[in-house]
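The data blocks that follow each hold one structure.
Look at the two complexes coming up: chain A is in both, with chain B in one and chain C in the other.
Our next item is the complex of A and B:
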């Protein structure tokens, strides 16, 4: 059991390593992608500088808390696209019947699928997120909390994408909806929860998992709250387990596309 | 390359009148018909538009604390309608896919096949782009009007008689946007992937022109911003929709014509230089 897990982990790490090496063949393109993604993210700070010129707080957040919000969203989104980029295009694999090459491998299907691709520009997202939080001087404890919540945020974003992507086993055109729902969640995550109220706030905390991926963690980093801390951990675990269960349930319905494909 | 397509004048070959622009009209019509078939798919993109608008309604709802308050000379309703209009142009044009198509053509070598056709490649792309937004934009415009009327309320002082002038400004704005995005995509002739430059251009348009009107920026920056494409691509058309005046309309139209001319010359120059750099392996 332990040996099997170790082997699986080794295969995952090798898969990620080769994904990276493949993307780094052209070093100029690689560096341009990473650096420009950092600049791209940094340019959005203009929006917040403008808004904070108008008011002292936005949605109850200070400028520093907005930087935490952006840092955590960018780092979580970035890490999920570095490690598990395929989860965000899973619908396409299912709809086009491209899962065959993963099914014949003597390794865990889901892990092999998730780690089979890396989004290089996401390295820029991740670096930007870490740099932004460091610039806010969160202290040692705050920084460790940030790292922990980056992991839970990565799990939540990936599980959310996996859950939506797995619905393609039952419904067509989920590829469009998957992309839009995930990007919608990220858009919500970059604004403070204080501007939303009523039913929209409830939906954003429990259905679209923005509250648990980003808002609660930011509140905990700014001022520690044990209830929120454990709620985030519990939600990340519950959503991940649900997403994995839905994927395997759907896999039973998978029909091959008779597509000849080699994975190299 | 563009052997026939470059000639904009009509020619008379053996008594048959030959109109070079006709082929672009055919390309436009074919893309239009193709997009009509996929109107339902386009409608699935409404969700993203709604998310953006919903966030901005909530955000500006928070920023405007008292009824009738003005920020940079805009009421809350005008500010939200401004964002709705700029986002409508952004979502309704889908210039990103056109720019992506050019980059893919160059990277894959498919351009070698397309540039030998009896049309100018850049005009072919612009015809396809126009065909795409001719379906998308009216759909998004309708959605914007519905969302705006239901969630924000009607736009105060909106002049229905000025709609044709607004429409001309919107069309010119979309075309200028596509020309500049095409220019950036054509850099793929030199660098393998011009996408990062597209991100920066898009973010500049988004942050400075789509989310906020120019008046919200510090006074010292405003003249500078009015000299960038932002003024002609999104600020100008959206400003006319929320606060129309004939003088402003003429000023924006003049700026747009100037920008379009400069953009087209630039695009043509980059394309000519770029195809000389093209090296395609057989296959």
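Our next item is the complex of A and C:
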């Protein structure tokens, strides 16, 4: 069991290394991708700076809390796209019958699929998120919580994408819905939860998992709350288990394909 | 000892049906219609260890679906499959350590990496140690003559070189059964011949069972002694290539003789001309089409 996990990890690390090597073939493109992602994220902060010159708080959030919100969203989104980028294009793999090469390998199919791609610009997102939170001086405890919630946020974003992507085993063109829902979740995550009420608030906590990925964690980092802390951990585990179960259930319906293709 | 046993294997796909044009598209949203297609329908056969079998048929006959069920890619709807005594559905990973697959239309190699780096990756996938991987790469590079381009990125290789690398990648873990799905597709005659020679050599030296699907008659004639023809998901012929040819030769001779008798020119009867395997296959496929 331990040897199998060690061997699986060896393959995952090699896969990530080769993904990085592919992206770094052109050093200029690699560096500009990372740098422009940092600049792109930073430019959006300007609107928040202007807004906080006009008001003291927005939706119950101070400017520092907004920075935590942005930092955690960018770091979670970045890490999920560095480690498990394929989860976000899973629909395409299923619809086009591209899982064959993973299914003939003596390794865990899901882990092999998820780690088979890396989004290099996400390194910029991740670094930006960490830098932003460090700039808020959260203290040792706060920084530890930030790291922990980056992991749970990564798990929630990845599991959400995996769950939606896996529905492609049953429904065609889920790739469009998957893309819109995931990007919608990330967009909503950069706004304070106080501005949402009623049904939209319910949806953003329980259907699109923004509340558990970002909002609750930010509340816990600012002022520790045990109930919220365990709710986030529990939700991350439950969503991950559900997504994995749906993927394997759907895999039995996998129809493969005969398209000419290359592993790029 | 049997390497592959298949009993009553079946697989059905549900396919959406849509009428022509925009009206058909709207109708399909409101009243979706599906049709069941039996890709594989009660197929049974077995393959001995070390045997080289050609599993052929016209497009859409169910060849690839069968190969995908044998390798654990697809779940069958019914029937029983055992490859090296292992059920691919229940122990997919365990089976994967003992089989190799080459899909001519699908590239398994990372195109930005060199063949050497790819082989090291495949070594890790099959849990080979660094030393085992290096030894196997050296041995296969020698045998498949890869040394001249083993450090060139795969995307810069010719198709023939790439296919040789694909085969080596699938052999890195010394599989007992090798599934080849159109391995020579798109290759020039010289490269095809080289690839066939290498497959034969591997079968001879490592006693690897070869399960081949191909539309190239040369692959079948030069590699396989036994042939299984499938059509509409069912086996229509399971015989040796030699017997199939001799049977058709006799049939053709009888036809020529009968025609010469009918026309009253028996004295002009000549021996029937040699019939190629390609002509035989075309005849079988056409007669199957005609029902």
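Here are some notes:
Going forward, the second predicted complex is superposed on the first by the 258 of 264 C-alpha atoms of A that agree within 3 Å, B and C clash if a C-alpha of one lies under 4 Å from a C-alpha of the other, contacts with A are read in each partner's own complex, and residues count from 1 in each chain.
The criterion applied here is as follows: a contact is a pair of C-beta atoms (placed from the backbone, for glycine too) under 8 Å apart; a residue touches a chain by one contact, two chains touch by 3 or more.
From a predicted model like this one, the values you see are computed outputs, not experimental measurements.
Once the two complexes are overlaid through chain A, chain B and chain C fit side by side, free of any clash as defined at the top of the document. Taking the C-alpha centre of chain A as the vertex, the lines to the centres of chain B and chain C open to an angle of 90 degrees, rounded to the nearest 10. Once the two complexes are laid over each other on the shared chain, residue contacts for A:107 go to chain C alone; chain B is not touched.
By the touch criterion defined above, A:242 lies against neither chain B nor chain C after alignment on the C-alpha atoms of chain A.
By the touch criterion defined above, A:7 lies against chain C but remains apart from chain B after alignment on the C-alpha atoms of chain A. Of the two partner chains placed around the shared chain by superposition, chain C is the only one that A:18 touches, whereas chain B remains out of contact.
For the pair chain B and chain C, the model built by superposing on chain A gives 7 Å as the shortest CA-CA distance. Common to the chain B and chain C interfaces on chain A is no residue.
Across the complex, chain C meets chain A through its residues 13, 16, 64-65, 68, 71-75, 92-94, 96-97, 99, 101, 103, 105-113, 117, 120-121, 124-127. Chain A meets chain C in the complex at residues 7, 10-11, 14-15, 18, 21-22, 25, 99-101, 103-108, 172, 252-256, 258-264.
Interface residues of chain B facing chain A in the complex, by the touch rule stated above, are 41, 44-45, 47-48, 51-52, 54-55, 58-59, 61-63, 71, 191-193, 195-197, 199-200, 203-204, 207-208, 211-212, 216-217. Residues 26, 28-29, 32-33, 35-37, 39-40, 43-44, 46-47, 50-51, 54-55, 58-59, 121, 173, 176-177, 180-181, 183-184, 187-188, 191, 194-196, 200 of chain A touch chain B in their complex.
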